[in-house]
Structure formats: structure tokens, C-alpha cells
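Each structure below is given as C-alpha cells.
Paired with subunit B in one complex and with subunit C in the other, subunit A is shared by the two complexes that follow.
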Partner chain A sequence: MPKVIGETKKSFVTGNETAAWACLAAGAEMMFGYPITPQNEIMHYWTRLAPKYGRGFLQTEDELSAGFTVCGSVQCGKKAFTATAGPGNVLMQEPFGMAEAMRLPMLAIIQQRGGPSSGTVVYSQQEVTLTTFGGNGEGMRIVYSTATHQEIYDYVIKGFNTAWKYRFPVFILGDGYQAKMREPMEMYDPEERGIEMVKTYPLIGLPGKITEGREPQHLCNIYSLEEELYEVVMKVAAEYESIQDQIVEYDEKNCDDADIIVVSHGVVSRAADDAVKILRAQGIKAGYFRPITLRPFPAKQLRAAIAKSGAKKLLIAESAYGQLDRLTKQEIFGETVKIENLFMPGVGIIDYDITSKVKSVL
Partner chain B sequence: MIFTGEVLRFTLKQTDRIIEAYVGEYASGKSEMAINRALELKNQGRQVTLVDLDTVEPFYTLRIIKKSLQEMGLKLISFAREESFGLGETGAMLNPQARWALMNEGDVILDIGYGVHGAKTLNLVEGAYESPDLKILAVINGTRPMTDTQAKVQEYLRELGRVDAIVLNTHLGDQSTPDIIKSGNDLIQAAAREMGIPIAYVALEEKWREIIPVADYQLPIKYIKRFMPGAIW
Partner chain C sequence: MIAPAVPKSWYLPSKPHKFCPGCGHGIVLKALGEVIDELGIQDEAIFGCDIGCSLLAWDFFACDSTQTHHGRTTPVMVGIKRSRPELTCIGYMGDGGGYSIGSQHLLNSAVRNEKVTLILVNNTNYGMTGGQMAPTTLPGQITETSPYGRDPLTTGYPTMGPEFLAALTADSAYIARGTVSKYKQLKKFIKSALRNQMEGNGFSFVEVLSTCPTNWRTNAAQTWNFLEDEMEKYFPVGELKNPLGKGEK
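Right, the complex of A and B next:
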């Protein structure tokens, strides 16, 4: 079998291709999926590449099945993943919930598109709420929001490791722009970079006999007794909270003396980064804060940034109508900093949008 | 000398009617080449129609920059926002004007979107296969992961079907260097030579005009402007 990444070199690629190559490089064995824009090329490229590297693919009849087949595959110890968007993400909330309940190490790449409803294939950041807290559960999942193709590559590789180390479902949250746009990035073999890939392991069919040397796995998503459900949810919540500090990732710039901190995530944070540089050059004390993990959210770090800067305002900028805003507010409840918004659902945000807004509210 | 060895030459027709279809790997630069070629012909005073033939995701392609292209005087067959009616992926769409594109007077440049099917998509354009003027040009970028070795380029070209000539379009966006461009174009040329497919021209961004001069090549060079970054994807 040929090596996936021969020499490390830069390639000119789309975000979707990057995701497919990253899954290959991370040693993913199987993709289950159903076509949906704007993630289609993840599947296209995976199906073109998988046979060359002895990997598998199954197109299921819909996203429900795609999600559940990933749930089944990872229980067998296979490094499996799926990719979807929009209404596909809605349908997959059911299997994602199963993955939360059964603590399954599944990975899903979400390329956000617009909503509400089904047919809007264009860019948006409107799947934040769905991806972080979708399903009839408590959002026991890990969501990395990427901003560049290099990050898609890096976080897909990291995401598989996070999933198999901690056994919570992991999401790589991109969007229609990241999916389709082209930019250079560097593909590498993770092992050659010193990144140890967490070994996969089966969750069923284990050696030994229950009661004779091994405990039952209890892969269960059905609890008929209220007290039992209470116990399970409290235990999972405690475990989730105990690993938060190891998982949380964020990026912060110019917050030490900021009068206003611009909070954004994903591709919008690229505009925010540029905007803060422009504002600083004009003598306006702006800071930049970007949660990389939306779940768990870097709440402590954002509170610390507010405290040390003494910022009077936060500006939350997103290509949605308040999804990051709600998430941020619930996470930093009690802070008295005034929160301003730049909501541009479905529309890309550029540096000018942010600099203009900052100037209008300062 | 950037390119050495035997060079297969291919002359783009400069007289009569020019009909060129740009095919190639997804994100290989088909739209850039098609736009630049159409503008070049228009600037020569020729009558030219540029056709966006992306049937899979017509709203992710030239739509965003349609207006600015029209403002440059280009006749463009492509969906505009006001012409679309909410169809996303609910059906492959063929613009009726695209189906009958060859009925336009003058030159026709076809941007065949969504690369994998290559020239097969041309079955949607009335009279394309029968046209003696049709030239199918494969755009290849040697930094794209599916076409970054000689063997991969050859494998890819075999999958693509009919290709009359190749456009060398190696670049790495704003991280391009003369070395990257050279090594990518060299491997494509080596593949093309082995398969007996001629090179139509080398596409170089305008900024390389002084740095990589025409004299360094044994092939025609077209200095191009990149429009697609304006389309975001």
C-alpha cells in the first residue's frame, strides 16, 4: 500500500479536499456518508482516494444511516468518520446523540450552510447551536471550529485522537467558504511530525468473560428508569467537565489593554484578525479573541481576557443571527462588559465590516 | 531555460471561429483560464461568449463575479442571482442559453465545471462533438494533490478522456515561487510528452512577467490575471 503523504510539501487545495486527505493521513479506515453541498468533495475525494490506500466507503440511504453506521463501525474498533452539512447535520443529531450516550469515538466534519430548512446550500455559520448542543442530550461533544485549510488538516488529525482518547464525539466545524475556497497548505504525515496517533480498539466482542475478569461495557443508549438515567448523565457530565481544561483551545491577540474585544470563530476570525490589526494601526485599542473549541468553550480564558484588559465592550461578529452570541453569553454569564453584535447571517464578513462596527460603538 | 527537451507544440487557432472547452481537475484553474482567454479574444476585437457549464453547483462558480466580468464587456452565459430560484442541489441545472451556446456568433469559450467528468459534460451542448473547431484543453496545476507527480498526471489524463492539448497552470496561490511553478510544470510536461499530448500554453500570473520572461520558455506563455479569488471559493 503506498504511503499517503510521501514528502511533506505545499499543495493548492480546497478545504474539502484537505479534509479527505487529512482523514487518510490520520489513518481513517472507513467513511460513511450521503451527498450534500457544500461537503460533497470530501466524499468525492475520499471515494477516489480510498481504493488506492485500502480504505472503505459506503454511501448510505440517508444521513441517519450514515451516522448510525459510523456508530457501529467505531464499536468494532474501526477509525470511521462522516461528513455532512445543513439538513444532513439535523438528521445526524440522532446518531450523534447515540455517540454521546454510548461514548463512541466518532468524528464528523460539518461544512455549515445556510438555514432555516433544507435547500440553502450557500455559506453561513448557522450550525453552531446545532453542532454544539444539537440532539436530546446535554451537548457532551467536542467541537473544533477551523479557520484555514491548514487548520482543517491539523484538527482532523487531532480530532481523531481526541475522539479515541476521550471517547466523546468530535466535530470539525467548517463552512461553505472553507469547503470551496482554495489556498495553499502543507500536508504531512502525522507520525513523522511526532504526532502519535491514538490506537483504535474494539468496544464489543472483547476477550474474557463478564464476571470472570472483565466488566461489562454497558454500551447503552436506553434507560428506562429515571434514577438510572440521572446517574448516567451525571457521571458523563462529570467526566466531560474533568477533561475540559485539556481540550479547550483558543487564540487571543492584543487583549492586554483592549478597550473592545472582537469575539469571532471560524473563517470570520480571519477578518477579525485583520480588523484588529487595522484598528491598532489607527490607534484604536482593539483585541482579538477566538474560541477554537466552541464546545467546550474557553470561558475561563475569555473571562480572564475581559478582566486583564478592563475592556468596556465585546463585539461578537458572526455570519449567523446570534448563535455564537448566545453561546458566549451563557458561558460568561455574570460578566458586566457590554456586548455589541455584528450579525450577518449567510453573508461573509470582511475586515471593513468589523472596523466600521467597532468605530460605531466605541 | 525553464523547459528542456523535446517540446510538442500546439497552436491555438487564430483564425476563423475559436471554440475552446476548458476541462480539468476540480480547482485546477479552468474558470481562470476560460475568463482570461475570453478577455484576451475580446481585447483582440473578436466577438466572444464565455459559458459557465457547471451543472452540479452552478451557484458556487462564476455567479459572484458575473457582474464585474460583464462590466469588462464580456458576454457571459451564467446564472445570476436574480435568475436563480432557490435551486441548490435539488437538481442539476442546465442554463438553456448554455445548451445552445454554439449558436452564438463568434468565438465560444466553455468553462466545464466540476472536473471529474471532463469533456463528457459537453454532451449537454448542442453540436459540440460535431464541431470541427472544438478544442478541448485540460488545465493542470502541478501543486494539486491529484496531479503532483508525473504518474498521477498520466493517470488523471487517462481518466479524463479526449484532451486536445494541456494548459500548464502550476501555482500555489500567493505562495507561488518560480521554483514551484517550474517543478510542477516540468512534471506535467513530462507526462504530456510521454502520452503525446501537446501543450497549448503556459499560464503565468501577470506579476511574473519580468521575473519569468517569455524568452525562458520554448512554449507560448499567457500572462493572466486571477479573477476567481473575487468569487471567494
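Right, the complex of A and C next:
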């Protein structure tokens, strides 16, 4: 099998193309997908590249099927993934719930589009609540919110490892801008960078013969008794809690003496970064805090940033009507810092939007 | 008295099974167990069961098994088969799971000629949830959601699953309808459906007419009469497609 990435190379590519290459480089074996904008080109690149590297693809009848075929694929030991957006993300919450319940190490790339309903095919950050907490469960999942193409590449590779190491479903939360925009990034072979790819293993279809004494595997997904389910959920919750510190990632700049901390995630954090630099140049003590993992959330780190700066205000900026805001408030419950909002659902946010808002509330 | 023979592929710690007295599932699963034994596929079989009464079969076999959501067994089996073609995938579901909530998966996996074997048990109602009208409920049949009898003018006619799948599939698909009242024939159909997958031909499907005395509220004689006199007259039993030629003798 030819190596996916030989020498490290600079590329000028779209985020969707980046995602497909990252899945290849990470050793993903199967993609199951269903068309929905703005993630389509992940499938387009994958279907062109996969046969050259002995990887598989199936275009399913809908997102339910795409999610459940991924569940089956990882159950029998394959590194499998899917990609979706918007209403497709809604449908996929059903199989994602199965992945949470049965601890299936699946990976899904979500390129957020406008909502509610069919919304727009363009861009938003309106799938935060859905992706972080999902459906009829407790949100036992890991969500990386990327901001650049380089991060899409890095976190897809890392995401497969997180999934297979901890056996929680992993989400790479991008958006339509990241999906369709071109920008320079660097593709590399993970092993060359010293990243060891976690080995996959089957949960059913195990080696060894049942007829010669191997125990048959019975994977259960519905329980007869309340107490049985309680024990399962509490065990999963305890494991999820115990690994949080190893998984949580965040970025923080200029928070030591900040009067106001701008909290944002994903592509909006690039505007926030610029805005904070502009404000600082103008003598305004602004800080920047970005959760990279939205689930689990870097709550301790944000509380620490508030404490050390003595900031009077947080400004939560997002391309949604308060989804990061709700998430942040529940995570830092009890903090008395005043929280201001810049909600721009379904549209982009630029540095000017943030600098103007900061000046209006300080 | 000699105890009846139990298929070698049954998982004994989960026996006796949990289906209601008079339910047909035990007969279908015995036929499937005997076929698994005869084909010698216990080690490579993956058994996937749906939600509904079929969920009670999750640990029925000494085969690697998985359980999914209502209607989603088909895509889980497809995902496994596409990833590990050497495994023999058996999806087990009811008429609600297959023909209603999971019908898009059934239809499209048939069109794509997915090399999986699906066994769908038709007892004309939703058993586990308490006897509601199913896609297969007969005209005039009383259920919890058709308490005055199913009216085809407002709820349509029963789904003819094997017939619509036969119309959609390639010639290499195996499609049949059996009944728990004709055990030997049923076993032959299930065996052919598994052989068709194992030989790499394509999609393989058996609908099984079965009994639900609990929700039908019938005694033993009435149960059998409903199966043989009502169901088997409406749903013709037999093979609709058999690419294995003459099939098993």
C-alpha cells in the first residue's frame, strides 16, 4: 500500500479536502456518507483517493444509515467515519446515541450550516448544542472545534486516536467557511511526527473460534431493569469524568490583566484573536479565551483566567443565538463576572464586530 | 421422555428463552440455529437483532451478536458486511422494524444488492409495544390502534414485503416467504438465504409468518387458525427468487 503522505508538504486546499486527506493519513479504512452541503467534498475527495489506498466507501440512503453503518463497521474493528451537517447532523444523533451507549469509537466531521431546519447551506455555529449533547443521553462524547485547516488536519488525526483510546464518539466540529475556503496548511505523515496511531480492535467478529471454546460476544443496547441501565450509565459517566483532564484543550492569550475576556470558538476565534490585538494596540485591556474542546469544556481553565485577570466582563461571541453562551454559563456556574453577548446566528463575525461590541460595553 | 434436541449454536445460559408462550419466534430461531449448525458457520456468523420482540434474541445464539435501534439492524449489518466480507451477517427484525420505520434501509439495501441475510418475522402487529397496527395488519383486523378493524380506505393494505423486494432486486437476490406452520420449508428457505450470502450472490431475505397469541388474544386453536386460514391466504408462502437454481432439496 502506498504511503499517503511521503514528505511533509505545504498545500493550498479547502477544509473538506484537508479532512479527506487527514482521514487517509490517519489510516481510516471506511467512510459511510450521505450528500449534504457543505460537507460534500469530503466524500468527493475520499471517493477519488480511497481506492488508491485500499480504503472503502459506501453512499448510504440517508444519514441514519450512514451513522449506523459506521457503528457496524467500528464494531467489527474498522477505523470508520462519516461527515455531515445541519439536518443530517440531526438524523445522525440517533446512531451517535448508539455509539455513546455502546462505547463505539466512531469519528464524525460536522461542517455546520445555517439553521434551524434547512436554514442555509453556507455557514453557522448553530450545531454546538446538538453536537455536544446529542439526543436521549448524557452527552458522553468528545467535540473538537477547529479554527483553521491545519487544525482540521491535526484534530482529525488526533480524533481517531482519542476515539480508539477512550472509546467515546469523537466529533470534529467545523463549519461551512472552513469547509469551502482555501488556505495554506501542511500535510504530514503522523508517524513521521512521532504520533503513534492507536490500534483498532473488533468488539464482535473476534479472532478465535467459538466452537473451540472462545466466549461469544453479546453486545447489549437495551436493558430490562432500571438498575441495570443505572449501573451502565454511572460507570460510563465515571470514566468520562476521569479522562476529562487528559482531553480538554483550550487557547488563551492576554488574559493576565484583562478587563474583558472575549470567549469564542471555531472560526470566530480567529476574528477574536485579531480583535484582541487591535484593542490592545488601542490600549484596551482585552483578553482572548477559546475552548478547543467544547465537550468536555475547559471550565477550570476559564475560571482560572477570570480569577487571575479579575476581568469585569466576558464577551461571548458566536455565529449562533446563544449556544456557546449557554454552554459557557452552565460550565462556569457561580462566577459573578458580567457576561455580554455578540450573537450573529448564521453569519460570519469579523474583528470589527468584536472591537465595536467591546467598546460599547466597557 | 427425551428432551428435544437443541441446536449446537444456541447459547444455553440464556435458555429457556423469554418469548411469550405460543409465540413463533422460538420456532424461527430454532430453524435458524439448525441451519447455522448444518452450514457450520457459528464462528463467522454475526447475529444482529432489532428492537421490538426480536430484541429478546440478543443473547440467543452462541455467535457474536449485536443489538441496535428499532429499524436500524439492516444498516448495522451492511456496515459490518462491507467492512468484513468474510463474516456472515444475519439481521433479525419484526414487520414494524423492517417494513415501517426501517423500510428505507430495507429497500435501499435490496437495491444495492447488499450481501446480507435478513429475516423478518411478520406477526401482523407491534408485539413488544402492546399490539398496535403494523404495516402487515390484515384488513379488518383489530389492534390497539385499529380498534374497529383496519380500514384499507384510511390505512391502506398490508405491505407485501417479499413481493416488493423481488421487484426491486437483481437476479442474484434470494427472496422468500415462509411460515412457522411449515417448519421444514421454513428451514430450507433460511438455509438458502444464508447460502446465497455465503456464495457472494447478493441480498437475501426471508419473511416468516408467525404467531402472537398475547396480542391477538387467541387460544391455541384460534392462533393456529389465524396463521393458516387468514395470514397464509393473504400472504402467499413460497420462494419468489432463488438464484441457487433449484435450491436445497
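One rule holds in what follows: the second predicted complex is superposed on the first by the 349 of 362 C-alpha atoms of A that agree within 3 Å, B and C clash if a C-alpha of one lies under 4 Å from a C-alpha of the other, contacts with A are read in each partner's own complex, and residues count from 1 in each chain.
Quick note on the criterion: contacts are C-beta pairs under 8 Å (C-beta built on N, C-alpha and C of every residue); 3 or more make two chains touch, one makes a residue touch a chain.
Since the structure is predicted, the reported quantities are computational estimates derived from the model, not experimental observations.
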Side-by-side fit of subunit B and subunit C on subunit A, or clash: fit
Touching partner for A:Glu17 - first (subunit B), second (subunit C), both, neither: first
Subunit B versus subunit C as contact partner of A:Met92, first or second or both or neither: neither
Touched partner set for A:Val121, first subunit B, second subunit C, both or neither: first
Contacts of A:Leu279 with subunit B and subunit C, given as first, second, both or neither: neither
Contacts of A:Ser65 with subunit B and subunit C, given as first, second, both or neither: second
Which superposed partner A:Leu314 touches (first subunit B, second subunit C, both, neither): neither
Which superposed partner A:Ile42 touches (first subunit B, second subunit C, both, neither): neither
First (subunit B), second (subunit C), both or neither touched by A:Asn221: second
Geometry of the superposed three-chain model: angle at subunit A (Cα centres of subunit B and subunit C, steps of 10 degrees): 100
Smallest separation of CA atoms, subunit C relative to subunit B, angstrom: 19
Subunit A contact footprint on subunit B (complex, rising order): 26-27, 56-57, 59-60, 86-90, 116, 141, 143-146, 148, 171-175, 180, 228, 232-233
For the subunit A and subunit C complex, residues of the former touching the latter: 29-30, 32, 56, 58, 60-62, 64-65, 68-73, 75-78, 80, 94-95, 97-98, 203-206, 209-211, 216-222
Complex contacts: residues of subunit A adjacent to subunit B: 9-14, 17, 21, 35-38, 40-41, 44-45, 48, 119-123, 176-177, 179-184, 187, 348
For the subunit C and subunit A complex, residues of the former touching the latter: 11, 42-44, 46, 48, 51, 55, 58-59, 61-69, 72, 75-80, 82-84, 87, 104-105, 107-108
